[in-house]
Structures are given as C-alpha cells and as structure tokens.
Amino acid sequence: MAGFDKVVNSYEEALDGLEDNMTVIAGGFGLCGIPENLIKEIKRKGTTGLTIASNNAGVDGKGLGLLLEEKQIKKMIASYVGENALFMEQLLSGELEVELTPQGTLAEKMRAGGAGIPAFFTATGYGTPVGEDKEVREYNGRHYILEEALQGDFTIAKAWKADRFGNLMFRKTARNFNPMAITAGKIAVVEVEEIVEVGTLDPDEIHLPGIYVNRLIQGTFVKDIEQRTVRQA
Amino acid sequence: MAGFDKVVNSYEEALDGLEDNMTVIAGGFGLCGIPENLIKEIKRKGTTGLTIASNNAGVDGKGLGLLLEEKQIKKMIASYVGENALFMEQLLSGELEVELTPQGTLAEKMRAGGAGIPAFFTATGYGTPVGEDKEVREYNGRHYILEEALQGDFTIAKAWKADRFGNLMFRKTARNFNPMAITAGKIAVVEVEEIVEVGTLDPDEIHLPGIYVNRLIQGTFVKDIEQRTVRQA
Amino acid sequence: MALTREQLAQRVAQEFKDGYYVNLGIGIPTLAANYVPEGVQVMLQSENGLLGMGQFPLEEEVDADLINAGKQTVTMVTGASIFSSAESFGMIRGGHVDLTVLGAFEVDCQGSIASYMIPGKLIKGMGGAMDLVAGADNIIVTMTHASKTGQSKLLAECTLPLTGKGCIKRVLTDLALLDIEDGKFILRERAPGVTVEEIAKLTEGELVIPDNVPEMAV
Amino acid sequence: MALTREQLAQRVAQEFKDGYYVNLGIGIPTLAANYVPEGVQVMLQSENGLLGMGQFPLEEEVDADLINAGKQTVTMVTGASIFSSAESFGMIRGGHVDLTVLGAFEVDCQGSIASYMIPGKLIKGMGGAMDLVAGADNIIVTMTHASKTGQSKLLAECTLPLTGKGCIKRVLTDLALLDIEDGKFILRERAPGVTVEEIAKLTEGELVIPDNVPEMAV
C-alpha cells in the first residue's frame, strides 16, 4: 500500500501543521456526525485564534464547545449558535466574533469552495441582514445576492466507513455537512469508525471519493445526543 | 401505494405534455446511460423545434441522432458533437443551431438549475469564445466568467434501479449527467432497468431522492457501445 | 376562541395534499404531522439531510446518527433517503419541496417575515429558515396573531430583522387564516367564535375583509 | 530524432509522482498510463465520472455502463469510485486532480492553448478540455513541435480559438520539453539527438535557452 494510503496513526499526526489563526472547516450538524476526537485534539494542542466554519458551535462542554473553554476560537461562521451559554458570554464580551450564515448558503459556500466556484447567486438572505453590502441581481423577476465560496486551511470531518484510499461512506444524518466540508479544506482530515481494505467498498456506493481526503484516522466515538426524544411502544 | 408512486405504464404517458419548441434536458454521456427508449418515443411522437441540452448529440441513427433524422431538434446545447455526420450536415445548412458549452460548465449549469442557483462564476472558458459577452470578475488574481443556470420543460434520463417513489440508483459511468439533469427538469421523466418495492433500497445508498422524479418507467435497453475496446487475455 | 396549538396544527394539516413533500419547522408546524388527513400521504423533509422523517424512536431504536433539524432523535419511514446538507438545500432552494410551514415573530403585508432574531436579546442564528423562505413558493407561517399585550404581529412593515423579504403568501394565526396579495392581508377564514372585528382590531397591516369569511373547520 | 508517440508517453510518465491523481486526455496522454515508473502509483480520473480507471476489458468483461471520456470500454482498478459529472468537474475545477495531460493544436508563450476548434473545418466541441485547463495547476500539453510543413505550433500568440487563456506552464513536444514563464518559453530538455538550433528554428514564440539543456532520458 503506497501512494494513496491516507491512514495516519495518531491524532497528533492527523492535525500536524495546524497553526494559530488558521481557518478550519468542521463537519457535523449539532452534535451529530461531528469529528469529536479531532476537536479534542485541537483542544489538547492548544491552537488559538481559530476561525471555524461549522453549522453549529457545539454545546457547553461538547463538540466545538470544548474549544470555547480555553478561548481557542476567534471567529465562528455558523448558521445556529443557540444552546451554548459560554458562546453567548464570549460573544457579548467581544472575545468572540460570529458571522451568521444561512444553513443552505453555508453548505453551498463549502461546496463552491471545493468545486472551484468562487461565487454564486442565491435568493437566500436577500433583503435581510445577511444581504447587506452584498451585490443584488434580478433573474426572472426574483432578487438574488452574490455569496462567495469558503475554503479552509484544514477541514476536520467525520465519516462512518472508509477504505485506506480515503473513499468514504457516511451513515444516516451524520452525513450532513461532512462531504462538502471535506472538499473545501486544503488539508482534509477525516476520522472514521472503521477502516476497511481497499476494494471492499462498491465503487457505486462510495459517498465521497478519496481524492478529497488527505489524512484518515480510525477513532472511537461517544456520539452525544442533544435531544433524546422517544415514543412509548 | 398512493401519493408518491411515480410509476407510469407507457412511454406515451411518460412523455405526455411534451410539446413542440420545448426545452428538454437529456442525461447520458455518449451512448452511455442515455434514455434510449424515451428518445425513441420523442421520435415516434414527432415533437419538433426542440432545444435539447445534453453532453452529446448521439451518433448517426442512435441516441439523440434519431431525432436529427426527422429534424426534430432546433438547437443543441452540448459539449461535444463529433461522431455525427447528420448533425454536421444540418449544422452547416443552418437547420440546426448549436451552443457549445464546456462539459463541466454544462454539468454545473444543470446542477444550478435544479438547486435554485441562477448563476455562478467559473474559470472555465475565460478568454475563449465561450467567455465572449459574458461578465468577467477577478477573485484572488484569477479570472472567472458568469454562467447562468439551465432548466428544462422536461428532463429525460436513465437510471439503473428505482423504487416506486422514484428513489434512484445509477450503475457505473452510466450515472454521468443523469442526476443533475433530473433535478433541472420541470417534469423529470426517468426510465430504469428495474423497479423495486419501496423499502428495498437502503436510504444511505440512494443516489438521487425521489423528490426530483415526476414519472418513472421500466424499460428494456440495447445499450449500444461507441468504442468497444478490449484487451487480449 | 383563539385556536389551540393542536387546532393550529390541524388547520395546517388541511393544506397537505396527497404526494406533498413538506418541510415542517420546529413547534406547531411539527405537530401538524399528527393530523395528516385520511387518504393523504406526505413525506417530511428534514433539512439536515433526510427525506422521509418518521416518528420518534422507541427507546431501543434511538440512534445518535439519526436526528432531525431540531436535533431530536427520529426514525425514517419506508422509502426515506439520506443526503448531504448541500443536496438538501439544493432541494429546498430549487423549489422541490411542495410546502414549508414555519413560525415567525412578525409578518407584514408585503410578505416579509421576521423570525430569527430580536436585537438586544441573545443571538441564536437563522439556521435553515432563510433558505426555506427563499426557496419555497408555498409557505404557511403559523404564529399568534398578537402578543400577550395585544400588539399585532401582522404588520404594515416588520420591525425586526427580516428572515425573508416579500416571500410569504399565507399566514395562519390563532385567530385567522390570511393570504397576502398586493400589499394587503386578505382575511380568508376565522377561528371558530372569533369575529371579523376582533381580527381587524389586532391586524396592523392593511386588511381586506371579503363579504364572506367562513369559520375554520377544526 | 523527434520523439515517437511511445517516447512522448514515456517522458510524460516521468512527471507522475507517487499518489498522483491524473487526468489523461485522448491519444498520447492516454498512452502514458503504460509507462508509470517503478514504485509509483497513480490513479486515473476520467471526467465522465470515474476515479480509478483501469485497462481495457477482456472481451467477456465488456460493460456498456463502464466507459472512459473517449467513450471506450474500460475497467476499474481496486479502490475506484464512481460519481456524477457535476462531482467530477467539481473535482477538476476545484484543483483536486494533481496532473492533467492533454494535446493541443497550438500553445503560446502567454500560456494560452488552442485545442478544440479549427474554424472552417468541422466543429466538434471542447468536451471537458476547457474545464481541465481552467481547473488544473499542473498541466502538461503534449503536441508536435511544428506542423508537417514546418509551421511552429509554439507561438507568440495562438491563432486558433482558445481553449484556455494563460493557464499552461509546461509543454512537451516531439522535440523538446519547455516551461512557460513570464511570457517566454524556457527550453528545459531536448529530444535525444535534436539540437538547440533545430528547436529554436521551429519555435515562433520567444524562447529562452539556458546554458545547459540536457537530453531527455527516454
């Protein structure tokens, strides 16, 4: 196994080269499908001044919330930052900056960043605070604003299963932002539950080709649940 | 099986409402993964004045080439139209118009058409005949041109397997343009090799959700090969 | 009598048509899934990447990898599919979802909606709401007609930061069902026992009252 | 002696580095796959939606659903993946492919390339070539240095309609390997037995000749 083997053997190696003030794109929605061990490694490393693009900022003490504890995040690009008291505290005190971005626009900005599209028009946010200072154009009688692509120095993401070439499969709604986040990172680091031998995955069933993945690591996951809702039998 | 059952029982029904001078988006690359029976049905119907967006225009007597025989196509939006003598003849005689569009731009225009993105910037075609009369903008020192989305009155496409809700799986490189072509058609008609019961397909393995599919029909396919290249054992 | 949450949900569900793909916001919209009319099938889209959201799981079915847009654990119905957030919002932005139902703080007679932020209070973010209102043709906003102190929420012009501009055509409140056309609210239905006068008093934006305003069937 | 097609392919293959994802155009570029150096693994991207293209199939393996961008039947290598055309060109446009090799009619010392159309002759279309040259940082153009009648194809300015503007940095001809920098061709290597003077005579665009121009190892 030579050139295409993306597997690294430690979380330290997985995030080698991550430096203060870099931009990091993180996969996940709420606490679902987040790269929980890569986040913990950033906490351990103590990297600071980070700009993080992720749909959410975790909750207190979990997910990206861990990086707020030591004030490692300078700026969050996110669509929803509720459920996080420490976040609000740092935001109100001016220690943390936030760029609220509509969820679909955020997803599309990542996809554009990975796909060589520097900017695109979307109706989302026209006439709202999101559209302020953005170019407006009319197509077929509707108004659209111009949004720019997003790229990261690093992406941290989570998938379910991978082969050693970095071909990925995701599981249920843990897929969410992970695929496009991976495409938009200059160095894309992916942690997975299981690494299988190359050739095990059906080429038609691979959700994201390994070409986008730079480093791959197998981890164990807690998988916290934000809202455990159940019905009675 | 009520509201979400997309199955129709005849090709006539599948293309009901297709009228002269409409725009049709067609999936397929060369003769691979083309909706061959839907094309034959358009030939049978005799619909004329069509604008067709498809990567290729078939070959003489096969695929979209069939629609050239009775001059049913007014305009082709395609990236590559070689291998088709009748096409060239009609083009040179002025009976047929062609809008050459780079392959990746064509794919992205269809994706944008399906995804509510009216226009996007791409470096592809800047400084070339494709970029003439298009808006140019610089991002990070590179030049990009603005390309608009593509939508069709109808899409005709081919998938491998579907459930009755129109959830689709494609097979090998017969996937090609089919997924985004389907998203970009106001009425998306898909022919497949096999229709399975709902619940048979793993939700994680569906390539395109049924929400994009309006009509589904099971067909039998010849699957012509343009370049049969083989090696000796 | 003002509609209860359950009655609001019932009235929303009357808008469901067989074969509709529907995105239901958190709160009352979600409750509407309990009142799908007889003979009608709808499929619920959850913008975090699930089409065909089912009910909450049994305790033993709980799966951290299967949640809805409100971060609640859910299940999938037969025929469900999973996709990325980019695909999900392509679906929404591209107008493939037949009906979107969501809550709001304010709506105005220009069809603008404010639902995500109250300046001076805490900032939570718009999540997918801006994409949903921008992408859908068919949107129902559910809300109370007025605040507890009697301030109208159906305004001549929204006062809070907008979620979307000129995109709302139908509003269901606890008092009435209204369409928005040409810069005016059109009163379509009254809650049972609520008078046209009561509604008019609590509607700040210009209100058109047709000759016949039937009571809702809830 | 001018390089043969096989020698051109061999020289191209020397640019392959272990772990490279490579897109090879039709013709000589495709031949390069036969000369991958010892100890080097490359994975071939075919822009119709395949990463990990293998050799031609055995007669009994032929599958109409598995072709390459030249519409030839192919196979997949172990570890291959399949995706849509939109994903494929996202990969290409986004710069994820490490090396692109393609043919051309003309290249100029501004790095522009003409490869898809000769006005007055039949129009075939650019296929994926415009996307490939716009998306890749690392492109090698392979072509004959001059026409059969001795007209240079390495020009001061392309005369044919462009496939891409200012995007080419390296050209391999049957006579030489050249880089393009600051509006000049830089002669890097000579085909075995070909003199610097012969190359200079057949290069219309400004040519920089370093002190030492080694022969290619082919």
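Things to note:
A, B, C and D label the chains in the order they appear, each numbered from 1.
To be clear about the criterion, a residue touches a chain if its C-beta (ideal position, glycine included) is under 8 Å from a C-beta of that chain, and two chains touch if they have at least 3 such contacts.
Just so you know, these numbers come straight off a predicted model, no measurement behind them.
Fewest steps needed to get from chain B to chain C, stepping only to touching chains, is 1.
Interface comparison, A-C versus A-D: the pair with the greater number of contacting C-beta pairs is A-C. Chain geometry summary: the mean Cα position of chain A and that of chain C are 29 Å apart. The distance from the centre of chain C to the centre of chain D, with each centre set as the mean of the Cα atoms, comes to 55 Å. Here the CA centre of chain A is 32 Å from the CA centre of chain B. Here the spacing of chain A and chain D, counted between their Cα centres, is 35 Å.
Within chain D, residues 76, 82-83, 89-90, 92-93, 134-135 each touch two or more of the remaining chains.
Counting partner chains per residue, chain B shows two or more touched chains at residues 108, 111, 115-117, 122-123, 170-172, 175, 203-204. All chain pairs that touch, listed by label, are A-B, A-C, A-D, B-C, B-D.
The residues of chain B lying in touch with chain D in their complex are 29-33, 55, 78-82, 88, 91, 98, 100, 102-108, 110-111, 122-130, 143, 160, 170-180, 223-233. Contact residues on chain D toward chain A in their complex (touch as defined above): 18-21, 39-43, 45, 51-52, 76, 78-83, 87, 89-97, 134-135. Contact residues on chain C toward chain A in their complex (touch as defined above): 46-50, 55-59, 62-68, 70-74, 76, 82-86, 88-90, 92-93, 112, 117, 122-131, 134-135, 161-166.
If you check the complex, the residues on chain A that touch chain D are 2-4, 111, 113-117, 163, 165, 167, 183, 198-199, 203-204, 206, 209-212.
On chain A, the positions that touch chain B within their shared complex are 108, 112, 115-123, 137, 139-140, 142, 144, 148, 169-172, 175, 203-205, 207.
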